[in-house]
Each structure stands twice: as structure tokens, then as C-alpha cells.
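Just below is one structure, and these are the notes that go with it.
Per-chain residue numbering starts at 1, and chain names A, B and C are given in the order in which the chains are listed.
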């Protein structure tokens, strides 16, 4: 029996022996359940092609900003990690840097996930991630990845992947999704998600071109704001036709004040001319958040938001490596003052599903749980990104449950770009839920039978119910 | 022996056996102490009339927005819960909805309190709250409520109610309070609390009429701002004459900048004409917060504030069901920058008692504990509303005690509209305190004897000392 | 064996027996390590003079606002505690007040530290801190302090003081530091720290005189903003020549937007004329935060910031007792939007060390860990001031580690004015780290061997690495 902690059956459970025993029993109910992943960032083409992963670095390191940021903070150049298409000194060199600096990940969720992947996906002892064995590990892992069982589709079976949502540009043709839907031999449901951020943020480069293309392509010949709204509606329908159940919005703040058509047209014009102030751009973005909620009343798409992130805070890294390379930083927001117009008009509709994610955990008990604990439309989004780590997940539970119970929870979200981390992330959630529920049982706040029902509902039913799966 | 957790003598205590043993022993010191409740929302007329509660729904469901909001979030119409005077499909139908959806309350403080009420007030097994037994439970509970022992005054004895404060309009005649004070057969002290919010918030409907009536009734013939202040002083004295010990202020933010009489008069005029901007209204409200503190220097009333709540966020619900129906949502505030004028002028006075409540738990360690840990006037208000749930109470203790100790604590506040939840809420507080202190003993930060002294002081002396009872 | 908790070898460790056992073993690795204290507020002249401490009050009470604020909150006049040079009714009277009110400190970190000092520095049973023994305790402690072993230098040996940084005015001649460096018989390194706050905050009294003196003294004959910058550079170099490794900045907020030389000159002129608005003053201060970071690129000084404090909130106390007397209060800040200009230009430089302290613990998981987890220059500052208490230190670990690991930690900072509390504070940190790591081991997230390596790195290597010692 391997003694590495990654193999310990009690990992992540509370240390108190009595509570741990309860957690063990609760975990058994959900340990082997299929994976429902209603939000993430994988490329669906991966399943169409179903080719072997090129090498350990391209699979595990380069695309995962959770992982590269830690190495970068230690002064390692991101090009040597093959981030943003850079080749650096090759994949084996990147791999060595990773192994040599493995100690940096101690105590992090990222480190835990990687160890779980080695132990439970690749069947390789994670204690081999070290300077001395970097090369042999690279070779052995390469060999594993070359096996037919480790191609994307085969892994989907191994992972018991039931539902996997991708995140897609409104003008994406969704051909990969169509191909997968048409392929009876592939059972997981791979669903597109409508993410219109590139078309709503005037302050980002490319806005003008994006909007022109959107209106031209999908505006039904209408122009201006009218064509813009029409194109959004049309593309949402196209996504629905390809299986989409939700839209996703990385909005800057929580503004949702609607504008009149004339006001919106004026701001849109300014934005297209590159003359909008940041405040005007946010007013337009806030109007669109409201409009997307309005569209959901008609087409039924679930709406998820995750506001409050300073994107690409390092201009030099953005220029050299592109976005999503680890230097986005959250900031605090006022939820209720921003969201009130949207909630006032659509929050009372139980058929509208509005999931509020946050990277600011202080909002959980102060705003998000109170909102979701009243409005039939509002749901508490799972903790994600930065606060998807283990202790933060525990804090999330304790911050929301006492106020709002379990019923307003979105279900676990992995939000990942790292395919092989999916089982580890979901298993982490299951263990954290088991530990939390075990504490409530140990404190005589729930019966163990009640807790068993709840954990099954949290893991399997919640995401299906909230995301209308 | 009933095995439902509600009966477990160790409920809410920490799971670690050693710590739990200490908690048990500490709890014994306070388990049977009388209840001191210096802030709440019961109608004192209830004790004057002392009639039986009409039915389970009117007692437990309709008036309690803690409870109805959870059902509403699941899509249940509030009129069917008989909220806001609506009859829906009758009380029995509302009761059935409650029982059918009982699972929604798992893990919530509200659910815990209700179970405690059934087990320890009504003597009914809480496992009967379920779809199947909804009707028989309604009947059995109705029978219980018809017994003489379950009328308000008799319950007050059962609850060991020593002090109970109500929350009252400045123009209330306080006749019920006078009647109760004059009645030697009724031993609990039922004290009015002066809450002038309806007379300070220009942005609320009814402001003009309220202020006119106030000045006319109690302004000693003076007019304008001078009459307004005089009327406030007079009504405070009237409250004091009827036993009041404190004033309560649901202020929008923490502004306390005083205005000159001329500035205040100008804003008051604008407000009366309905022409004040929101910023002007807040400036006037902030001035009044300062003025109420100033009045307390003279008349000695304890002053409590609870800023930072977006009231009635759902306009449709406000219109149909009225205020206090579950859609108030907290937001974050800057305490010290707002409160500094008040603290600078009155904070150094130990005879002035200024209790800071918050619904934003982040303020506890950052602002409230530091302020109360220096200013002799300032006290850390108990966690309430949304953060009065069990785990939040634990976080409150851990967030304030290390900085400020136990001596600056307001004492527990139940703030309730649900009469029968009072014993459960106070018992919850006693158990949480016992658990926290037990941890400090187990970590060798306190002796058990020292912890015993502290828990007695927290439960019984703190509220009496801070509220000058 | 004394049964007072201060002597218990398991103090502060987690209560769960299994976890406690692990904590005990981990603590042994660091229990006796030398003390590295890269930031604090002691007077270096103390070590030059090496005279006995005058009396218990002057040593323990008067200079320590952690301690006096608690007594003050209970209504005790600060002059009676001999704060700010006041004599009150003499040191023995102050001591009695302290002893009589000792219960106020139960559960506080301050109380814990004082007990540790008595038990482990003075060799006096801390249960003697009580009303009855106040006088005999004063006498006995006075006797202890008169012993040669209890002079500053001898205590430095007892404490195993290896590095101690002071905080100094840019125009300080650093003669005490020079004397100590030249004295081969004194082994601890006592390092100055460059703290220019009095020269950057236009809104503080004395700004004009300070700046004039700075430019005259060290401006190389240059005038205006140019002379000001040159003088800063020169004095930094002077500090470096006297052993300084870092600069410290108690900035008001997080602004770091650089100004052009012309803009800065204009604001400086306004400030010198006393005509700058608060916003203009903050713009100048923000520019200087950026400029100090810029200077660090050249001279290599580590830069520490601790923004977000309302200083001297009680004007009457400021007037009577001076600054740093317990009425500073933290407030919330936006880190990333403020720091982005600095991080954009200097954050990618691994040779620049930028340590972010905060008194707002919500920033740890939301902003500080994400920033330090990406930027090679950025470090997570240890929790300090208000949140240097025991439970807050635990929360700090749990808020930062899962995201960023251990490698971005500044090392423990005692930030103290209370010399004899230094061992207790560092020991507290070691025990908290042992307890946290023990939990990770008990939850199978780390091996015990790995945890042992980490705790040694945290306690000894981290501060040396981050502060370039």
C-alpha cells in the first residue's frame, strides 16, 4: 500500500475521529457518481479528434494558469513553461522546472489536484514529482499518455463524465458540439455556453470589430443597437439549438441598470467610435447584463455571472502571453445595489435561473446567501477560482448554509482548463461536502440519514436542477 | 428517549470529545438563566390581551420572514403563506406547504430554532414536520396552543423572561407598556425602544406626514428643525418615562457628520418639499445620527445602530406584502470614516453606550472590534439577522475576542418577531459561547474556572450592563 | 508543576488529540530557533545604553497601545496609565489599575502575551496578576528588572535575538545603529528601516517643515520636487550604509498612479502652501509610493506597505497623548485597482521585494494571495496589528495557503513596541504554524516530513529570504 497522502482514503476529511467516521460513510454515497460539469473551458474539438495528448507539459502545465502562476511567482519565466504558444527550451525543460519546484505547491489546491491526477488518473506515484525523477517521470507519463485508454474520449468514460459544458464565443459555429451530438458512440453531453463578453465591453480591444461582425452575421439586416440585440437573440437561439443550457458573463461590476433604447444606442455609437469613457462603457455593459436576463425570460437560458475581476493586470505578460495567464486579480463589489434592477424585474420568476459566482468570499454571507435565500430566480454559485481551494470551499459552506440551506446551491463547478484535473476537483468537492455534513451530524444539527440525502442531492441533483440539465 | 437531534443534550457543542466535555460543564452554568432580551420586535399588546394564539400558521409562519423567505425562494407564493395579511388558501394550506418543504430548512438556524420550539416549547416531536403528518401536526399543535399554559404571559414564565424590549414608533402612546408596568401580576419588564427611522429618512414615503405629525404633537409649539429636534427630545423623555433604556437606528450608512442648524433646516425643507437628492437625504440622516448621540449625552439612552441594509429590494413584494418580508439585503460599509465625527465628540464618554450592530461580518475584526476596543462608549453588537445563524455566531466570537476580549460585547440579541423562538435563540447563544470558551480552555488559553466566570458574565451581566438594565 | 495555562506545553495547539500530537512534534523543530524580527518599533538606543528598565509600568504598560486601549475602553483614563508622558498618579497606581482590570484581557492575544512574559521571561506566576497581589507583584517584578540579566542586551541573548529591525525617520542620524554595528560584543543585527511617511502626507501637520528640512539636508542643493526625490535617494543610501534592508510605508490607501515631474511639482507646491485638497494629497502620496518602488529597483531595498488605517481617530486623545495611543482604526481598501500601476511596472522583477501587509483580513484571499501568487516581486505580509491575534493568524494561514502556498509569505512580523513580548509573539506564531500544518497532515494533505521542512522554512528562512537578510 502506497503511503503517499494522495492515496489515503480519509484525505480531506476532518481530523476528529468521530466526525471522520461519519464523513467516510457519507462520502460513500457519492464517491462513484457520474460527473456533471456545467461550466468549464475545455475545447470540444478534443473529443472530436480524440488524439493522444502530445506530451506531459502540453497536457498539464502550459494551459493551466493555476499551475503556471505559482512557478511564475518564484521567478520562473512563463515562456519556459510554454505558456501562450511560446516554446521556451522545450517541453522537457518546462517539465523539469515544474518538478524541481514542486515544493512550491505544498498546501495548495493545485498541488493536491496534481497529486490526485498522478495517483488516480495516471497510476503514477506522486512522490516521483521531484527534481531527481523529472526525466523518468516525463518518460513514464508520456508512455501512459500514448496508451489508447488515455485519449480524451476514453478518459471521459473513465471519469464517468455525464455532462460537460464548454464556454464559447457567440459567433462560434459550434460544429464540434454538433459532431459530438450526432455521434451515438459518444455518450457524454458536451454543451456549449454562450459567453458574449467580447461584444459587451467597449473598453477592450477588438470591441468594434466584434460588434460589426456580430450584427452583420446575425442581425437579420437590422443595424445599430436594434441589430445588436437581435443578433444576440439569434445567436442564443443557435446555441440552444446546439444544446446550450446557459449563458456566462464575466462582468466587470454588478451594475444592471437598464437604459432606454436611445441611451443604449448613443453609448453604443460612442463605443464604436472609441470615445466612450470607462463609466459609459460600464453603463452599457450593465444595461446588457439586464438585457441578457430579459432574454432569458423568453428563451429560458440559465444565466451565470462572475463579476469583480481585474483582468490581465500585468500588461507585459498580457502582451507576451495573452489573457488567462494567471494575473487576473479579484476585487470587492457591491452586489445588491448593483443587481437590484435585474432582481426587481426578473428575480421573482422561478423559471429564470440566475447563478451568482464571486471571487470575493465576503459576499457569501453578506449578500449572495441573503439574495438567493429570497429570490426564486437567484442561486448561490459554488466557490470558484482562487476560492475553489479546499479551506475556502469549507468556508463557503459555513458562510451560506446557515442562512440559506442547501437548496439554493448551484452545484459544484470545476471551471477548469485542465481536463485531467476534473475527477480530482469533483472528488475534492465531494469530500468537503462529506466533511461539512459530518460536522453538522456530529454537532447534532442533522441526522446522518438526512445528511446522506443532502449529499446526494448536492452532488447529483443540484447542478442538473439549477442548470436545467 | 427520543433520538431526534433536537433532544440531544450535546447539540451545537464541538465534536472533539475533550472540548465537548468542557462545553457541557460550562453550559450548565447558564442553561437555566433567565432571558434578557434588550432588542426585539414583539407586540406588547400580546401580553395585555393574553389571548391564545389563533393557529399554528399565524403563530409560526406568517409573521416570520426568516422562515417565509426560504419557502419563497423555492417558488412558493407568499400570499399562500399568509404573509402581509393575505389569506391565500387558508392557514392549513400554508401549514401544509411549510411541512411539505421542511427539507429546505436543513442546516439553517431557522430550521434548528423551529425544531427546538417543537421539542422544548410545544412538546411535539419535530420529526413530525413532514408532508405525511402535516394535518395531524396542525391539529395537535392547535390543541397545544389552546391550552392555558401556552398563552403569552404563561409562556413568558415558562421562558423565564426577565426583560423584553420592543421596538416602537416615537409617537406610539406606549399604552400597552404602561398597562404592563402597572400590572403587579406580570413580572417581566417589557420596555419600549425609541426607533425614529420613519422620521429621519427623507427618501421613504410618508416622511413629510410623519415629520409634520411629530412636530405638531411634540414640538412644544416650535417649528421647523428646531421643533423637530425638540419633539425628538420630548418623545425620548416620554419613552424614558415608560421604561425605555435605548434607541434603535436602522441607518442607511455610517455617516455621522453634524450639520449646522441652518444647513439642517435647509435640507429638512427640501425633504419636506420632496426635492432632496438621495445624497442630501443621507446627509440629513447622518446629521440626525449625530444628534441622537448628542441627545443620549443628556438623557442617558443607550444608542444602537444597524447600518448597511438595502431595504425592500423587491418592489413587487413590497407593494403586495409590505416591508420586513424577507427581501432586505445587507451591503458593505465604511464604519470608521463614517462614525468618526460621532466617536470624536462622544466616544470618550463612558456613560454613553453606543452599540454597533452589523450584517457585514467582515467589519467585526476590521472596524468594530478595534473601535469598541478603544472607545469607552462603543460596544460590539452581537451578530444578528442573517449572521445570527450558528456558524456565524462562532465566527463572530473568533473575530472579535482576540482583539477586544469579552467585555465590549453587547450581550445576545434575538431581534425576533417569533415569540416562541426566543428560548431556542438564547439557548443557541449559550451553547455557542460554551463551545467557544471550551475551545479556549482546551487550547490552554483560559482556565476552566475563568471560562465559567466569563460565560455567566456574557449571558447575564453583559446585556444588563450595556443596556443599563 | 505550575498548572497555569501559560506553562502548558500544548498551549495554542489544536484540541483534537491526534492533530495535537503532530503539532507537538512539528513545533519541536522550531521551538528554540533564533528570532528574526524584520519590522518593529523599539528604540535602538536601548541597546546602546543598556540600562535597567525603570519600572514595570514604564516597561510593560505605558508604551504599549495594545494594552492601554483595553483599559481605556473600560473607562480608565490614559493619563493614569502614564501614556504620552503623563505621570498620572505614578507608576504604582497605574500598575494597580492594570492588575485590578486583568480580567479584561481574557481571551485576547495581548493577555496571552503578557502571561507568557511573566511565566517565561520574568519567571513569575501570571496568576499573581490580580487586585490582591498588585503591590507585591510590582515589587517582585521591579526586583527582577533590576537584575543584570534583565537589561536589554542580556535579554537579547536570552531571547536568541538574531535580527531586529527598527523603524526610523529618514533624517535620523542612525548613530545608535552605527554604535551597535561597531560593537563586536553585541551580536544581534539591529537594522534601521526607512519610513518616510512624515514627508509624503501633505494632510498631516508638520509636512512643510519636514520637507524643507529634508531638501535642505539631503537634496544635494537641488530644489523642489527634484531636490525632494534626490534627498529621498540619498537618505535611502545612508540607511543602506547603516545596514537597512527595507523601507516601510503606512500609506493611506493603495493608490500608486505615477505623476509626471510637472504634475508632482505642482502638487508639492500646493502642499507646501497648505492648499492641497485631500484628494490631491493622496495623489501625491500615491505617486511617491510608486517612486519608492522605482527607487527600490536601483538600490534593492525591500518595500513594505500597510495601507488602510484611519490614524488618530480620537482628536482629544491625539491632542493629549499623541499618536500611536490606540485609536487608529482600519478600513477596507481596493488593493488591485490601486496597486496595478506599481505592479505593472515593477511586479515582474524578482529582485524587487514588495511586501503587502493589511489590517483587513478579507483582502488575503481576495487580493493579496492572488497578487503574490503571480507577481515575483509581491509577498503576502504576515497578519499584523489587530489581526496578529491567535485566531486571526489561523484564519490568515487558511486564507492564503490554499491559493498561494507557503513560499510567498513574508515571515512572521512582531511589529512591537513591547520588547519583552517579542519571544511570546514569535512563539505564538510558531505554535500557530505547527497547529495549521498539523491539520494539513491530519487531513492527509501533507506528509509529516514535508510539514517539518515547511515549518523550518517559514520560521527561519522566510524572513531572511524576503527581507534579504
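Points worth noting:
The working rule: contacts are C-beta pairs under 8 Å (C-beta built on N, C-alpha and C of every residue); 3 or more make two chains touch, one makes a residue touch a chain.
The chain list, named the UniProt way, goes like this: A, B, C = Uronate isomerase.
Predicted, not measured: the structure shown is a model, and the values here were computed from it.
Mostly differing positions are employed by subunit A (Uronate isomerase) and subunit B (Uronate isomerase) in their mutual contact, as under half of the interface residue numbers are shared between these two copies. Remark: rotation between subunit A (Uronate isomerase) and subunit C (Uronate isomerase) after Cα superposition is 120° (nearest 5). Distance between subunit A (Uronate isomerase) and subunit B (Uronate isomerase), defined via averaged C-alpha coordinates, is recorded as 39 Å. Under the contact definition stated at the top, the residues of subunit B (Uronate isomerase) that touch 2 or more other chains are 14, 16, 332, 362.
Interface residues of subunit C (Uronate isomerase), counted against subunit A (Uronate isomerase) in their complex, comprise 14, 16, 18-19, 332, 334-337, 340, 343-344, 347-348, 350, 362, 365-367, 369-376, 378, 398-399, 401-408, 439-440, 442-447, 450, 453-454. Interface residues of subunit A (Uronate isomerase), counted against subunit C (Uronate isomerase) in their complex, comprise 4-5, 8, 10-17, 69-70, 72-75, 103-109, 111-112, 310, 313-317, 326-332, 359-362, 386-387, 389-392, 395.
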